[in-house]
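Look at the two complexes coming up: chain A is in both, with chain B in one and chain C in the other.
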Partner chain A sequence: MTGAILFHELTARQRIAAIADKGSFDELLPPPERITSPYLAQLGIPVSFDDGIVIGHARIGGKKVYLAAQVGPFVGGAVGEIHGAKLTGLFKAAARDKIPCVLIVESGGVRLHEGSSGEIAIAETMRAIFECRALKVPTIAVIATDIGAYGGIGILSTCCDFRVMTEHGRLGISGPIVIEKWMGKKAYDSANRALVWKTSGGKTKYLLGDADALVHDTADAVRDGISRFLGKSSAVSLTAVKARQKELEKRLKKFGAATDPDAVWNGMGVRNIEAASLASGPEFVALAKRGK
Partner chain B sequence: MKKPTPKKPSARAVLARLFGASATGIAIEKSVLTGYAMVDGAKVCVIGTCDGTYIDNEAALRLAAHVIQCIERQPKTPIIMLVDSAGQEPNRVAEMLGLASYFGHLLSCLELARRKGHKLITVATGQAVGGAFLCYGMFADRIYALDSASVGLMPIAAMSAVTKIPAPVLEKLSKTMPSLEFGAAPFALLGGVEEVWSAEDDVQAKLAQALANSSTEDNRAELGKKRGGRKLALDIRQKVLAESAR
Partner chain C sequence: MITAKSAKRRQNKAERIARVGKLARGKFVVPGKVPEVLRRIIEPGDILCLEGDNQKQADFLANQLATLDKKDLRDIHLVMSCITLPAHIELFKKGMIKQVDFCYAGPQGTAVADLVKAKKFPVGAIHTYNELYARYYIDLTPRVALIAAAQADRKGNLFLAANTEETPAIVEPTAFSDGIVFAQVNEIVDKLPRIDIPADQVDFVVQAPYPMHLQALFTRDPAAITDVQVLMAMVALRGIYEKYEVQSLNHGVGFNTAAIELLLPTYGERLGLKGKICKYWMVNPLPTMIPAIESGWVESVFAVGGEVGMERYTAARSDVFFTGRDGSFHSNRAMGQLAGHYAIDMFIGASLQIDINGNSSTVSKNRITGFGGAPNMGCQPTGRRHPTKAWLKAGAEANPGPGSPPGRKLVVQMVETFQAGRVPTFVEELDATDPSIRKALHGVTPVMIYGDDVTHIVTEEGIANLAACRSVAERQAAIRAVAGYTPVGLKRKKRETEDLRARGIVQLPEDVGVRPSEASRSLLATQDIKGLVRWSNGLYDPPSQFVDW
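Up next, the complex of A and B:
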């Protein structure tokens, strides 16, 4: 559909156009409405007519969805008051209309220039996500760029029913530069891309079970990945949280003292690290399974 | 970790102020609080942090385990969440293990409790900043703060260091934009805190009142607009809801 262009190379609106059924996307609060951040204006920082997030409704494979895509190049996709309110509103609309909600994440978290407002907006959106989940309305986070999902948006992404990732996507809270500053270059060299991606990248997150699908870095693959989960939901039940508690305890026990991410890859069944490093999406999934 | 300044009451003193003699039912282990206490003669479950500690994978799991235990053994018992944490310590292994997922799990446990009829009340008692506040405290039905608590995204000096915007510029703007100001009072103006409790307040009575007035309806955007600290959030959200309904 988009030829050789990789999903992570697309802009937010291109991403939406590439995964939605042709011509089906209808943007809410589109740029002509010019709703811009008063904070950035006061600080003399350029504003954006969409405040760094594109929201609307569309169809994917004929199914109606609410769809949001964060704009990474605008202040790192960070969440300010307006950006956050658009996101909260979208998940609330999804709950009201019982229509799945898909968030194409590209955000470092709270927009620091707007202080605590963005933080509260993320907390409000988390509540709206769980409103959807209580109604069995699927919520899906797509994490497919190197800006990825960090800070509060990293936490928010883990609140969704499902996470679709590519090997490019990164999921975490503190980014590598912050950690390097804190722990020193010896403990974490933020320029070591292999280490950074093995720490927070899609492959490791898939192995550990924090990503539910690992797909190729193309719009078609991402759309197929989303489609897999549109009819499903993951219940917040006592059985589910008890199982998750056990799993996370086991993970901490098994890998809590590991300093080398390869230990995690080995421990999760990857036999040939080098081959797995070069494998993409489903090929990686197959290799990891084969090793188990 | 910073040592508490002499003026700061100890974790035990804070607990005693909130729960009286029943505070002895709360265990403090590695600055993580778990246990049960009484509010106005009724049992409550308590989870939280103290001493401005960092909250890591293990701490998140211990808090989650206590919430699960409460759901299983003490149906519908209100859960009081106390927050005094500097946030997550930037750490590569924690990230590799998926700290975000540990926090997401804690939030899921709290959501399950809410759906099963447990009231969730937060009191920010010390530091309630960034991720530490997001990963459980801000998820309550209603959130309160002691006026001595440090509530907000980050102090202006830290904001200035990261954004490279001179601190005096941020200071000046914060006078008209409480979102940029750090503290319980400006956070309340944004609707992020329902009420700030002062040193003179009878916090045990306040806590009882908080439980009586609790509601699972998230009212923060309404409060933020009413109090004038967060003027846009509610209108934008409603615009999305109105336009999507067409």
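Up next, the complex of A and C:
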């Protein structure tokens, strides 16, 4: 119960160091190059020498990968022009070199101070991801912190072949506060943390098939989760997309009117909600399976 | 005429109850009639006690009282532990209060400071808990007490559940002096799990339309503990707990001490301290104590109050906690404070401000809070006679004179050198010395713990052993030495610090065998609330604001 530092408590660089083979990470455009956001500077907002994302190449279990980690504490990990360009470039390089690309996500989406360039960068990155997928180069998003993957980064994460999540991770498009603003506190209380995690947290996303692996909140577990998918890719074909669409329609029919967040867990085969709430990673997976 | 006065008092009580007449059925009042009943039982000039400490509040009765006006009730001498609710402030705004004697005004601290400025807050004094309870038996005996209980039976017996807190300390002096006791209860039932207050001491009961307010006061989310706090906790464990073999203690409510609790089963175990320290506790059922209890560190815990969500856990661990015959948790604020005063080796807590002489305070010009129980425990009980290892060791260091006790309680202030927002903790002079505050308090500076009582100050810089200092100048130098980069700290002189360090009066982390680079949250027995639930085997039910699963 003690000893390991939780993955979600590490900094972006610590996460990379903990996942990559020892000493194998080479950072591209590292902080000494001081490539910073021109917009933030104009607005008098502090800049960061990595613009909130660390990119580079490394090895995981001996396998070459391109690896990136977003820096949540810097403007919520939001994507600006430089941040976005680094992200796009990394996936493009992955496609060019046919090397798997892993993104450790921690971002609320586009940076409002440089919205247009952020949006464009996310669109370009998605294109690069689909280029990877067409070439069967695996792309993996790791979502393991409560900043999670929202907005454009939520969409981008679901464009990847696979998603590895922990119970701390959250995945969605509109964040809880935005939903509450539009739908009212009665419909969705963003301060109700249990509700927020039951609807967008890693466990629920795993049950619904939006996450492909649910792992413990440790670097070892996350690395193992990534390794499982490094040799695989999931094809983008018309049949696959249509099948996915069918699945989503079924989901909407089944849970669209549900008001109790436990309904989704129940509906997906979780029998002992209390035990499942406390279980983590594979223990949760086992409990969910038992119900099926 | 020996009986004249008491006969008059008893007669007066009978008149008040007669005035209520058919508004009550026996002892029982319906919620809608409460304001009128209050108007009839309270007289101008009365000492009125409202139950409410920093956790439990007779909030329904307070809210009903606040619906009345000066024409209904005036010249009230209000006595109460904690001014916590907007309703309390209302009474002052309406001019119903002629004097107030209290302990603490946490959430309403700013409102109280405003009332003081507007001269609408006629303070008698700010007390510590037991000091105020003591005065209930001497010169502040309530004529009417409005209290809160979990349940009443049909006779008016009361069950106080986990939050006994200060109810007995209010009811006894009131009931045994022909005062009127009016209780709000969450439920009326046929049979109580246990009787905490006999019906004989209760005059009126109302089933409140909503359960009494209970503040989750002692829940500290391990996720919010910082590496710096872990460092301070390690330094305290080695430099104080281990050194003095502290067996019995009280912890404050801060994150610093929460870090210590969570280090016991990990770092503490590694140091081989299990069974040697931290066995007997006077502390509320802190959720962060669960790992230490589950690891077998703790012999017993007595509490001044309950903690929301700890009910099932404390019932299951009745070999550690005090429980009723029904198995449910029992607390008692007055007795707990008494235990914390006389029977513990160490009190350790935090403060917002510490001055150059070691005096501490939580009062600022714009926020008047007060004391609560910390000074009852954070002081030297000169009425103590029994020795313990820690008491004697600390006493010997203080080099007692021919007319002083041989031992000392360890009174430890554990603070970071800066508070949030880069506000320095260490100051040359406390904000509490502000003339307007002193004037409102009849010339008394509201000091939480006096420098003379403090034995140690722990910061992220190290430990200052104030008890071992031999002069005021030396004590000031020791405080500067651990005050870091605050203006107070920057005035330290290197030679003085080195001299104090050589004599062991100032100790840096490395002097007590702690490597700062080792201080990490990963040493904590758990890093989040969910981990506490796991440690408790699912018996701890954290309040919803802490739940994200």
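Keep in mind that, in the parts below, the second predicted complex is superposed on the first by the 289 of 292 C-alpha atoms of A that agree within 3 Å, B and C clash if a C-alpha of one lies under 4 Å from a C-alpha of the other, contacts with A are read in each partner's own complex, and residues count from 1 in each chain.
One rule holds for everything that comes next: contacts are C-beta pairs under 8 Å (C-beta built on N, C-alpha and C of every residue); 3 or more make two chains touch, one makes a residue touch a chain.
Since the model is a prediction, treat every value here as computed from it, not as a measurement.
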| item | value |
| --- | --- |
| Contacts of A:Ser277 with chain B and chain C, given as first, second, both or neither | second |
| Partner contacting more residues of chain A (chain B vs chain C) | B |
| Contacts of A:Ile5 with chain B and chain C, given as first, second, both or neither | second |
| Partner chain in contact with A:Trp197 - chain B first, chain C second, else both or neither | second |
| Touching partner for A:Gln70 - first (chain B), second (chain C), both, neither | neither |
| First (chain B), second (chain C), both or neither touched by A:Leu171 | first |
| Contacts of A:Ile122 with chain B and chain C, given as first, second, both or neither | first |
| Where chain A meets both chain C and chain B, residue numbers | 198 |
| Of chain C, residues touching chain A in the complex | 265-266, 291, 520-528, 530-531, 533-535, 538, 544-545, 547-549 |
| Residues of chain B that touch chain A when the two form their complex | 57-58, 61, 64-65, 68, 71-72, 88-93, 95-105, 107-109, 111-112, 115, 130-131, 133-135, 138-139, 151-154, 159, 162-163, 165, 169, 173-174, 177, 179-182, 186-187, 190-192, 218, 220-221, 224, 230, 232-241, 243-245 |
| Parts of chain A lying in touch with chain B, wherever the complex brings them together | 28-29, 35, 38-39, 42-43, 55, 57, 66, 81-82, 84-86, 88-90, 92-93, 96-97, 110, 112-124, 126-127, 130, 133-134, 149, 151-152, 154-155, 157-159, 171-174, 176, 178-179, 181-183, 187-188, 198-200, 204-205, 208, 210, 236-238, 240-242, 244-245, 248-249, 251-252, 255-256, 258-259, 261, 264 |
| Chain A - residues contacting chain C, complex | 1-6, 9, 146, 167, 191-194, 196-198, 201, 274, 277-278 |
